[in-house]
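Here chain A shows up in two complexes: once beside chain B, once beside chain C.
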Partner chain A sequence: MGCRSCEIACAVEHSRSKSLFGAVAEKSPPKKRIYVEFVPECAISVPMVCHHCEDASCVSVCPTGALRQDGIVRVVTHDIEACIGCWTCTSVCSYGMIGRNRDLRVAIKCDWCPDREGPACVSACPTGALVYKEVDEFSGSKRAVAALKLAQGVSAAEIR
Partner chain B sequence: MADERLVPTVCPYCALGCGLYIKINEGGPMIEYMLDHPTNEGSLCAKGNASLEIINHPDRLRHPLKKTETGWLRISWDEALATVAGKIAETLRDHGPDALGFLGSAKSTNEENYLFQKMARTLGSKNVDCCARRCHSPTIPALKRAFGASCMTNPIADLANSDCIFVIGSNFAENHPIVARWALRAKDRGAKIVVADPRITPTAWLADLHLRIKLGTDVALLNGMMNVIIDEGLWDRKFVADRTVGFEALADKVAGYTPDKVSGIIGATPEAIVRAARIYAGSDSSAIVYSMGITQHSHGTNNVAACADLALLTGQLGRSGAGLYPLRGQNNVQGACDMGVLADFYPGSVSVHDPIAVQLIEEAWGTGPLPIGMGMTAEMMPVAAASGNLRFLYIIGEDLVNSDSSSSRGRRELESLDFMVVQDIFMTDTAEMADLVLPAAAWAEKEGTFTSSERRVQWSPKALDPPGEVRSDLSTILDLARLLGLDFDYAGPEEVLAEIGRVVPSYAGISMGRAGERGGVIWPCPFPEHPGTPILHQEGFSAPGGRARIVPVDYLPPAEEATLDYPLLLTTGREALHHNAGSMTRRSFSLMKRAPELFVEVNPRDADRWGIVDGDLVEVKTRRGEAWARARVTTRQEVGVIFMPFHFPETNMLTSDVIDPEARIPEFKVAACRIGRMKGLI
Partner chain C sequence: MGKNVQDKSIDPATRAMLLEADRAGIETAWDRFEKQQPQCGFGMLGVCCRNCNMGPCRIDPFGEGPDRGVCGATADIIVARNLLRMIAAGAAAHSDHARDAVMTFKEMAEGKARGYQIKDGAKLASLATEYGISTEDRSPEEVALDLANLLLSEFGKQTGPIQFTRRAPAKRQKVWEAAGIEPRGIDREIVECMHRTHIGVDNDPVHLLLHGLRTSIADGWGGSMIATDVQDVLFGTPTPTTSESNLGVLKADEVNIIVHGHEPILSEMIVAAAEEPEMIALAEKMGAKGISVAGICCTGNEVLMRHGVPTAGNFLQQELAVITGAVEAMVVDVQCVMPALGNLAGCYHTKFISTSPKAEFPGTLRMEFREDEALEIAEDIVRVAVENYPNRDRARVNIPKEKTGCMVGFSAEAILGALGGTPKPLIDAIVSGSVRGVGAVVGCNNPKVQHDFGHINLVRELIKNDVLVVTTGCNAIACAKAGLLQPEAAKEAGPGLQAVCEALAVPPVLHMGSCVDISRILVLAAAIADHLGVDISDLPAAGAAPEWMSEKAVSIGAYVIASGVYTVLGTVPPVLGSPEVTEVLTKGTEGVVGASFAVEPDPFKAAKLMIEKIAEKRAGLGLGA
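Right, the complex of A and B next:
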């Protein structure tokens, strides 16, 4: 809906003090890793965040190994210390999900909030538009909803 | 960490009553999501996420301030309260109690609001009101007449059980995002969502059917739908026969509103009207969600009455999933109304015109005769100030000069007051006009109960200490009342809540302990063991005879229409990142970063006609004033109508001051205007 609650929650979670009080006062203001993009042609807002691709191109191209992918859960993490700010990852990312920390001159991206049980953006989302699920579980729930709509299309035709 | 503790609290912004924790530790307070809260399940909108930003804000008022010729002077609390008490006594002596005005706050707790109106009325003044005048004042008389109770009928989460959600005049996806959470859940179950709105809002994105109606034509649409429902026999004969009166008059009235005729008025096709009527009446359980798009009109009371008629005609009330949802705007506006901070009601919705019921309150309070009859409303107070009938005004937590319609007039009029005292957390534009400013504690710095839109009464404990010498509204009111010689002997909010229970029957069973449980209690709760009443009107209505009253209404056009001089119509509303007059959100860093300035939405065809390009600074002019804003050229807006959010002071300099004759709400939603590109300024 474009309320940008996720952006604020993300920036706060990734600030040093992790509180809005401190976050706002910090020298380098906290950076978000989720982007609510407004698409003027359709007049619709879409939240965009790292997909943690199964075969992540940003990880393959990273010259220093700052970007790494977990062998099991496939989360793509980024080590600030090892990053040299060459922006190769930014150029290969298909979704434009690797941002720039101007002060530290390093890349910045979604890390699934390692200090929390689930990502902060998902907890904050008031409408439930953001979900945090495994692929099987997610496609299963999408399938159930789609099946329901197809079934109802049949019964709705009778009402009209 | 050893000192870490979690304090549950209620979000201070809109009226949904979302729960959250404030985590107190060495690094400063931070928000923790309350995953088991029944309304929001932990999630918060952008404002809720940013709510702590206002607590430690550098702009917070820290000391009482007195206006002098050289500017604001810091004074002691003793001097400040003595000055206010002295002015009240002086005004009472010279001009009588009707020269005193009291504007309460829908951001204060129930206890504070209760004491504020008790103080005003014990002093003999009828002039008590609050900002509900500008949002849901039409809901109160219209629903009280129809159902006997003027509030939301079902809990918000119950929307998930609806099979049809009919949204008229509400953009909840942006402004009450938690409502969208439950509406989406209903949609996932297969519910149909019908939206009637002139704009393509994010709420309209959810819709299975979007009726793009013209501004202020809601009654025509609703009557048209009822015409179809009666014509096709879709109405609930048993419900109408057993539980309502007035059907015949309604049938006569809506007979003339055929879909073809209505289509000509509202601009949507006859087929869409028929479809909306069939979906609403044909679903097992349907809900109506409405908000400012219904109420802020010169015929707002009629609009609400028509919504109630539609629900009664189809029996879509008093069951899970079937109800009427007036979405309210301030965290305690429902509570302020329940506590009688209204010119037309004593606590517990006791009419000021009912001497017998008022006498019961006199007995409970142990006071002399209390004033009978309608007092001045929030809109009348500035006018009365200009004519000299109102001399003293006490405002708590209300930015009157920015939230009033046609605000430059109100600003001039308030200058005629002898004395104005404003109690607030920030130096708002209204406070700037005051003679004396008292600093107030923000929500998390005090304790007490807040009543959300769904009648949920929740105890919010104190989480933090207020800055400087700041006191809670409660202690300020108590000290002032004692100085005025009133017998206000309360040890704290808990005792005030106990007294509220004795005066307001629906709060009788609510104690600090009950309201402090997760999710609080939903009133009516008439005795301590009562579980609360999430769904109203299940058995009977509280209207006379236990039957609801169907009150047919006619369509009336808005007061202003486009003319040669003012060829466009201006409508106002909310945007996702700001709240009401903006005194809090416009000070919030993360919100201002994302929504920094006033904008005006213009259709591309209108933009072409007046030479406006997206991003231009545009001057908007109405008969009452002019303002400028950044143009957003978008097809979300229909041709001939422009939209501005009202969170910035400029918008209400433009709005119309024509008021609804019964509810006295100004027509914020329609004003004839013209626009042009600002020359030399881009």
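Right, the complex of A and C next:
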């Protein structure tokens, strides 16, 4: 829908006060880590956010170790203290998901909202366009829907 | 939902009905509120503009995205324009209500509105004097007709002044004049709000906000005040009386009719029709022991103030009344009536009856009201309710037991009357410090606040600190349910206020009426200021709207500060996206009208802010702390 509620929720979650009304009053405005990109060719908006790639190139190129990947859940986190703002990560990210904090002159990126149960953007999405699931779970649910349609005799061409 | 009814309301009757709703699988405003979470950040900050079709536009509050709309409007401009439109809608609601009241009054004077009469001749005479209408050798109806025409002319006036603004202290009128915010006509100011906020007209936040104040004055000292005074002439000026409050006023063995909305024009007739022996006989034939009328919201307050008709609850209880399963008819007029009632009434035997030519809802039985046959239409409505009684499913009836007594009916006239015709005894009490000041606590319910929590805790804190509270609207109903409108509540007040209340046998919280009756508070404030020879902004007084939600409340808040009274809001208005508008409302207006807004969701902290402001004003008048 392109309402950008996810962007607002993301910025608020990464503010000091973690509240909308508090965040707008903060001297250094909080920065979002999700970007709603409008695609004019298709006239639709696509929310773009870090994929936390299993083999994250941003992590492998980071010269200071500011970008790290958790060995188990594979979340890619970023330590602003260690970041030198060399933007190597920016140049290698396939999705353009490394942002810039101009005040601190460091990179910023999605951290899956460590202080919440799920990411703020997903809870804020009024249409359910954003989902937060494990690959297996997500594929599983898509499989189940596809299987149901097949079982009901819908042609495979109609399944997406 | 059931597990957290405690979090939703502090009112036991409301909690009981929310559990019942949960059990029956019925949705209420609280459920719909949850489904709306999280609410749109752009909307909450007021930075979304839909005023032209180049948009919708919105400003990124965190500075990364657009900082201007297509036309170039900044967040400051967009927020100010949106606020002005809220004020316009609120002023329009109060004033259009007033217009209808005057139209009924006029038809009564012309002998066309059978069933209506002049109930308060003294008030008619005093209004005639105010308007310079001769009463000598003339019938009350002739005087009333002249008055009606002059009152109607206030709406269409182009150059002012609106007569009732002359009721404000001379110093206050000068303040308005100096700021260029004296209203010129009620409709004119509202129309000008819409003009100014059209694409490409007024684009200076301060300039916009000043017009907002002017429009709000046309409401408080215009539309609302006209509504109050005309209704007093038609239906009687309220005097102290007692009644009961909360859902427990509904009767298990009688026909229950709820009147809900904001106008007393029809509900007065319903109250009369329900008392007719023929109707009561019909009710008995249908197996009921009688007919019971109860109110919700300000229609309820109007008939409560004048006839002691019990109030079933405030805004967030309208659905719960139907969920008792004991309401034969929910009769509504205008304002604050949830369209959700249509679906809900469909789940019960309740007839949802819409009556205003202006207001239709899904799922209603339409029984449109006309002044010329008011009593007949009211009788028809009561008959529909009575004949619906046999359809009540006794197995589904669940009326909460809670009901609380209340003393109501404190019009400005009644308060001054009780004090011996002059505000002097009250002023003496304020000067001596036994009453530290006056707090006006008003406004709605809002599921953003635990129901009644903001209202009751704020009022309790104020009276505990010897601040006399005057109340209207849904705050008044909350206070009634909590027992604060009983003389015995003086025990909860500080020692000074307690002694004053006990001497006068009045509660520490005075119910002054419906939301248009906030004009009564203005009249009282003006009387006190005039007696002291000061401006309203010098008085040890403060206002609050702890659970506000409607656009009417925005207009009210604006005219209360424009009248010189500091006001604390309990829910955040959609303005924080503009640093400039926020600054003007919380500080800048102080230099223009001598009062400003504060926002404080915590009722205990809000009370502290009000008490501090009262102390500051006391010091200004040279009164002891």
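Methods note: the second predicted complex is superposed on the first by the 145 of 160 C-alpha atoms of A that agree within 3 Å, B and C clash if a C-alpha of one lies under 4 Å from a C-alpha of the other, contacts with A are read in each partner's own complex, and residues count from 1 in each chain.
Simple rule for what comes next: a residue touches a chain if its C-beta (ideal position, glycine included) is under 8 Å from a C-beta of that chain, and two chains touch if they have at least 3 such contacts.
Remember, it's a predicted structure, so these values are computed and weren't measured experimentally.
After superposition onto chain A, partners chain B and chain C are found to clash with each other. When the shared chain is aligned, chain B comes close enough to touch A:1, but chain C does not.
In the superposition on chain A, A:31 contacts chain C only, with no contact to chain B.
By the touch criterion defined above, A:145 lies against chain B but remains apart from chain C after alignment on the C-alpha atoms of chain A. Look at A:60: by the touch rule set out above, it reaches neither chain B nor chain C.
Once the two complexes are overlaid on the shared chain, A:127 sits against chain B while remaining clear of chain C. More chain A residues lie in contact with B than with the other chain of the pair chain B and chain C. Shared-chain residue A:40: touches chain B; no touch with chain C. By the touch criterion stated above, A:9 is placed in contact with chain B and with chain C alike.
Chain B runs into chain C after superposition on chain A, and of the options 488-496, 596-604 or 614-622 the stretch responsible is 596-604. In the three-chain superposition model, chain A touches both chain B and chain C at residues 3-5, 7-9, 11-12, 20-21, 24, 123-124, 126. By the touch rule above, chain C contacts chain A in their complex via residues 38, 40-42, 44-45, 58, 60-65, 572, 576-577. Residues 1-5, 7-9, 11-12, 17-22, 24, 40, 43-45, 123-129, 145, 148-149, 152, 159-160 of chain A are the ones that touch chain B when the two sit in their complex.
On chain B, the positions that touch chain A within their shared complex are 27-31, 33, 35, 40, 42-46, 48-50, 52-53, 55-56, 173-174, 177-178, 180-181, 184-185, 188-190, 200, 202-203, 205, 275, 278-279, 282, 576-577, 589-590, 594, 634-636. Put simply, chain A touches chain C in their complex at residues 3-5, 7-9, 11-12, 20-21, 23-25, 29-32, 123-124, 126.
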